[in-house]
Structure formats: C-alpha cells, structure tokens
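Okay, so subunit A shows up in both of these, paired with subunit B first and subunit C after.
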Partner chain A sequence: MEAILSRATPMLVPQCGQLQSRGMATLKEIRIRLKSVTNIQKITKSMKMVSAAKYARAERELKPARSYGMGAKAFYEKVEVAQDETKPNHLMVAMSSDRGLCGGIHSAVIKYIKAKMEEEGSSDDTRIIVVGDKGKAILQRTLSKNIIHSFSDYGKRPPIFADAALVANTILDTDFKYDRATLVFNTFKSVISYNTTELPLFSPSAIEGSTKFNLYDSLDEDVLRCYNEFSLASLVMFAMKEGACSEQSSRMTAMDAASKNAGEMIDKLTLTFNRTRQAVITRELIEIISGAAAL
Partner chain B sequence: MAAAVLRQAARTSLRLQQCSRLIAASHRNYADMAFTFASPYDVYYKDAKVKQIDVPTFSGNFGILPDHVPTLAVLKPGVINVTEEDGSNKKYFVSSGSVTINDDSSVQILAEEAHPVDRLDAASIRDGMSKAQQQASSAASETAKAEAQIAVECYEALQKAVDA
Partner chain C sequence: MTAFWRQVGLNYVNYSSICARVVRQVLKEPHKAAAASRDQSLMKSSSWENGKIVKTVGSGAAAEQQ
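What follows is the complex of A and B.
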C-alpha cells in the first residue's frame, strides 16, 4: 500500500528515490557499508601480520638488550645510590613513539608521568623530554609548558645505539639544571601485557655522595663522568628496546582485536543484507502479484 | 661457680664468632666472579664464571681476577681477552664502553660494539683506515677533526687486533 502511494506521489517525497526507505537501511547502503568494513578488516589483518613480524624481531633483540640493561643498572644498585626525593628540579624522559594504533602504550607512559607529577605536587619544577610524536601530542594538551625537548621520526625502524646516544647527549646538554632525573618507559611482560616502569638516572654528584662509593678504587672525576655518560646512553637504549617490544606486541593484539570485531560486524551486516534482499524480493513479488490480480 | 661457667660460655661464643668470621672471610677469597659482557645487540657472557679478563681502558690495560678491588673504567678501542674456567682464551674486539667491578666480585663490561676477533676482515679494515685518515687530514671544524681522529684510533686498534 505504502509503496504504491510513494510511487504515485514522487513530487511530495523527492528524497525517497528508493522504494524501501523507512528507517531500515537500503540494500545499497548495506552493501557500501559491508564493502568498507571488509576493506578495514583487510587493513587491520595486514597490520597485524606486519607487527607480528616486527614483534618477533624486537623480542629477539630484547634478550641481549635485557642483559645489557641489567649490567648497566648493576653498578647503581651495588653502589646503593639513592634518588633524593626532596630535591625540587626533576627531569622526566618519556619514551613513546611516532606511530599509533597500538593500544594504550603512549597514554600509559604519559598517565604515569602525570600521576607522578600530581603526587609530587611540583608541576613548575618538573621538565619533560619526550621521545616520539604521539607522546608529545598527548602531553601538549595539558603540560605543554613543561616540555623542553622532543624527538620525532622515531618508531619506524628498530632502535639503535646512535638514537640512544642522541637522547643521552640531549639530556646531558640541556640548560635545565636538574637535581634528579627519571626515565619512564614500558617494560615488556608478555604478548598481551606490559608494565609502565621508571628508572632513576643519577648524576656524578649523586654517585659520589652514595654509601659504598668509597670502596671503588682510583676514580677521578673524568672517569666517573665518562662512565656515567655511557651508562646513561646504555639505560636509554635498554628503555628504547623494551618500549619497542611492548609497542609491537600491543599493536599486534590491538589489530587482532580490531580484525575480530570487523569480522563480527561483517557477519551481522551480511545477515542484515540477506534479510533485506529477501524482503525486497518478496515485496516486488507481492506488487507484481497484486498488480496482476487487479487486472 | 655460675659466674665462671658464664664467663666460659661467653668466651666460647666469642671464639665461635671469630671462627665463623674467618671462615666467611676465607670463603670470600674464593668468591666466584659473576661476569657479564654484553653489547646492545649481543650478550657474550651473563653472570658467568671465568678465570681472568684482560681489558684495554683509558686508565691502562689491566687484568681482572676474582676479588679484584672495586673500580670503574672506560674502555678504549681494543681487544678483550677472556680466560675461561677450562683455560681457553677468547678474544673480542670492543669499540668503547665501560667496565664495572663491584665489591661482591661481579664484573660488568658493557661495550657499544663488541665482536669476536675472528669476525674481523683485514681488507675492509685497511680500506676503512685509509678513508678515516683522509677524513682526518681534510677535516674542517674541531668536532669533525676529533671525530675523524677517534675513527683513526679505532681502525689502528682493529688493525692491531687482526694482526695479532
């Protein structure tokens, strides 16, 4: 009844070009939607494959990097140097990257930094060096005046020591006179989980003031400074490797979840499409039959 | 009577304490070296037990035995010689890095680049050496000159490692 009416009065309802609108999506709309979701699923599947390959490599490289990082940390643990929490000027280094679609990796690091700044209550004395555009974008919304340096073009290739050396040089050359420094990054726990952790970075004066420092023989300032600079670069390298591995694994799980969701959407849409198609055919048959019966 | 017994007991406990301290000290003399040698890309030894390590540093070349006095040092380009428990020698070329010897006799050597000496190729070392020397002579600024000089020193050390 309604179909005949709408055909008879095309002028009054001009946008109703199709015969079966009325709140249920038309066949063409469903088909367009189905095609677009299928394309998205292809993209997320391929991204999952790519990040699975990158994750395999990052995990392989993480094994020696972990031993390297443990070795670099060992001295600071053995010499029992403590980070003086009462000193004001705090430099935080955030390790994120340029590429998104990796779950909550970047926001986890920034949330940790924000929480730490809240608990210390010192947002004026804290300065942040951020590695990676995504981290910088999140920080700029609220803490843009605390950012003193940022690194971009990071995250596409696996990290190498030269990158770590660059970051370390920036930390050492910065104008901001910090009393303590912290490195914040994600530690890889397993394929589906990571932990946001921090590493304290000590200055030569802090080491000289530690308890067991006197046990160490024949150390002049030059040697200690060189040693500390190299250790800083080593720790940054360790953080970069851990962060890269966590990011790739997180991206892999995120893209896997996205592909699964897209698959579910495709199933639901296909069912709706078939039902709509059958309804259209049934309606046309009814029209033909009623038309023929009227004759 | 009781006082004498008490004094005796005190003396024996003191003796026991002294003995245990001596035993502990002598155990410490034969402490195992937990040797970790790694670069960011390779780990060669992790908490391993070795007999001796010879390292080239800016404060001189020295050998590290178990229970070496705690110290820190900065590596210079050269060859690290590791004498393992069974007496075999392994040589590794390192470009730069740090050496840490802690008071519990653990040794950590972190190198920016570390490769076994048998992986080095003499021909490419000679090429690299001549190129580095060219750059050193034609360097413009102070930093460029310093960097080229570092490269030349590294290649000289590589040459020595391959020739040895």
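What follows is the complex of A and C.
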C-alpha cells in the first residue's frame, strides 16, 4: 500500500506545473485523484483496525504458546546438545504466511535463509520446507530447486496445534536425510519490532550422543523418541504463534504508516485543488472584466 | 517394548492428535463447538521435486487419513 501511495505522488507533479494553462481539466483530475486517495485511506484505516483486533488476540494466545516453546528449548539447552555445523545436509523450515501488506515480515525470514545458505556455501545440500504462500512466492524465484515441501492456506485464522502437527509430521516423514534442521521465524518483541530467529531441531540420536544425557534417569529410547516428536510439534507451534503475532503487529504498523501517508497526500491535494479553483475563478473574472472593458 | 500405536506406524504426534480428538468429542455443548473449531487443520500441503509442485494434498484431515 505504501508503494502505491508513494508511486502516485510523482505522477501528480507535472500536472500541477501545467495547471495555469489548462485549469478546468486539472481541476477535474485533481478531484478524481483526491477521491481515490481518500478511498485508499479509508481502506488502510479499516485494515489497521482489523489487524489491531487480530493482534490483540494473537498476543493473548502467544503467552501460553511461549511456555511450550521455552520448555522444549530448555531441555535441549540443559542436555547441552549441539548441532554439527560441518555436516552438509541441512533442512530449513521457513515460517511465513499467506497474507501480505505487513511490512518486511516474510522477506525477513527468506533473507535470513538466503544469508545462511550463502554463509555455509552449501546451497545444493540445503532443503527448505516453507509454510505460507508469501514465503513460497519469494523462494520460488531463486531457490525453487531447494524446496521439498510447501504449505498454503495458512494465516487466515490464528494457528492451531493441528497446523503445527501437520508441519511436524512432514518434517519427521520427509525423505530427505538431513543431518541438522533449523526453524526460522520472526520472534515478537514489541508492537513495532520483531526479530528473525533460528531455532535448532534435533534428532533422538543427536540427543543420545550428548554428554549430559546420562544425567537423566530411566530414559529409554522409546520415551526419548516420543518426547522429541512432541517437542518438535511444540516448537513449530511456538514459532507459528510468534510469527502470527509479529505479522499482525507489523501489519498494524504498516497500515498506520500508509494511512498517515495518505493523510499527508490528501492535505497536499486539497491545497492544490483550492489553489487551482481560485486560479480558474480569477481567470474567468479577468476574462469578463477585460471583455467588459473592450466594449 | 514398543507401544502398540508405534507398531502400526503412527508417531507420537499422530497418536496424541487422535487422543485429543477423542477428548474434544466427549466435551459438553458450549465447549464442544469451540473445541471443534480447533480440531482440524485447513492447510494445504504440497510436495516439490526439481522446483515444481508434484503433489498437493487438500486439508490436514485428508493428509492424516492417508
């Protein structure tokens, strides 16, 4: 929306320069433009209201989801399992959504993945699972060969655990034999800011290989496997909720900025409109007076 | 010994979602409708090969049944 508004401004400038020569036509043009900008502002304002309500809900739902994510993360930290950065086969899971008009939320995630791939220099061995159409659309252009799975119809309503379970199952069942996996998503910080974060995902064998694992009592292979599957789904859920909350807050900010820009444009246009109208009146008066004087 | 549901090819995520569904179904009315809306995922899942979508599976429910 911001792009549309900023693009509209330079088009207006030459018209203003010519308004003395063809006053009537520009007056009509300005009126049309003024009307369309006012309509755009109405739309952005209502979108802001909608996303403000959705954001309030997303933030309320984020708090309980956070404890699941933190719990799963804490286990990995306590057991001191680390990813082997030297192994080539890397699976990345990108959390985006279907909806746009929310600032740089989706491109932040994709940029993070691209930077990571470049840093590792192993673009052939990296595979990507992408959640949401926007992220898919960006990745499709340059990294379509690396995508192994994508999810759409996500982001219209708040994420539920069934969504997370579907993604987790796909990660578990994928044919790609990955050595390490990373979840990339936006962490909600405040209404105006979010951080793009990565979260490592571990396989049961990696956890068993860690040094501190022996400290846990009576943990057999089966329990660990179940726990790992569940914590994977919890982490995906956590990432989804964080992403949804940052998306709504970012959309709110973006729409607020767009409404503000539209407001500025309306002010300028109204000024130009009044000036042009005045010029037309003056010119008509001059024509009448000089006509009367010539009689 | 491995659990019976593991032997039939389910993982813990499948198993727990089936359990959750059963719990949702035994709820009483005002809560049942609210819980039912959280029952199924509407996401579409597509698998890719060589930069092209090769297969798309409708919603989560259809994917689970397969």
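Operating definition for what follows: the second predicted complex is superposed on the first by the 270 of 295 C-alpha atoms of A that agree within 3 Å, B and C clash if a C-alpha of one lies under 4 Å from a C-alpha of the other, contacts with A are read in each partner's own complex, and residues count from 1 in each chain.
The criterion applied here is as follows: contacts are C-beta pairs under 8 Å (C-beta built on N, C-alpha and C of every residue); 3 or more make two chains touch, one makes a residue touch a chain.
A quick note: this is a predicted structure, and the numbers were derived from the prediction, not measured.
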| item | value |
| --- | --- |
| Contacts of A:Leu166 with subunit B and subunit C, given as first, second, both or neither | second |
| Subunit B versus subunit C as contact partner of A:Ser234, first or second or both or neither | first |
| Which of subunit B and subunit C A:Lys268 touches, first, second, both or neither | neither |
| First, second, both or neither for A:Leu219, with subunit B first and subunit C second | first |
| First (subunit B), second (subunit C), both or neither touched by A:Ser144 | second |
| Which of subunit B and subunit C A:Lys87 touches, first, second, both or neither | neither |
| Partner chain(s) touched by A:Lys189 [first = subunit B, second = subunit C, both, neither] | neither |
| First (subunit B), second (subunit C), both or neither touched by A:Ala74 | first |
| Partner chain(s) touched by A:Tyr154 [first = subunit B, second = subunit C, both, neither] | second |
| Residues of subunit A at both interfaces, subunit B in one complex, subunit C in the other | 160-161, 226-227, 230 |
| Touch list for subunit A against partner subunit B, complex | 61, 63-65, 67-68, 70-72, 74-75, 78-79, 160-161, 164, 212, 215-219, 223-224, 226-227, 230-231, 234, 237, 241 |
| Of subunit C, residues touching subunit A in the complex | 2-3, 6, 11-14, 16-17, 20, 38-48, 50-53, 59-60, 63 |
| List of subunit B residues in touch with subunit A within their complex | 36, 38-43, 46, 58-59, 69-74, 96-98, 100, 102-104, 106, 108-110, 112 |
| For the subunit A and subunit C complex, residues of the former touching the latter | 131, 140, 144-145, 147-154, 156-157, 160-163, 165-166, 168-170, 172, 222, 225-227, 229-230, 232-233 |
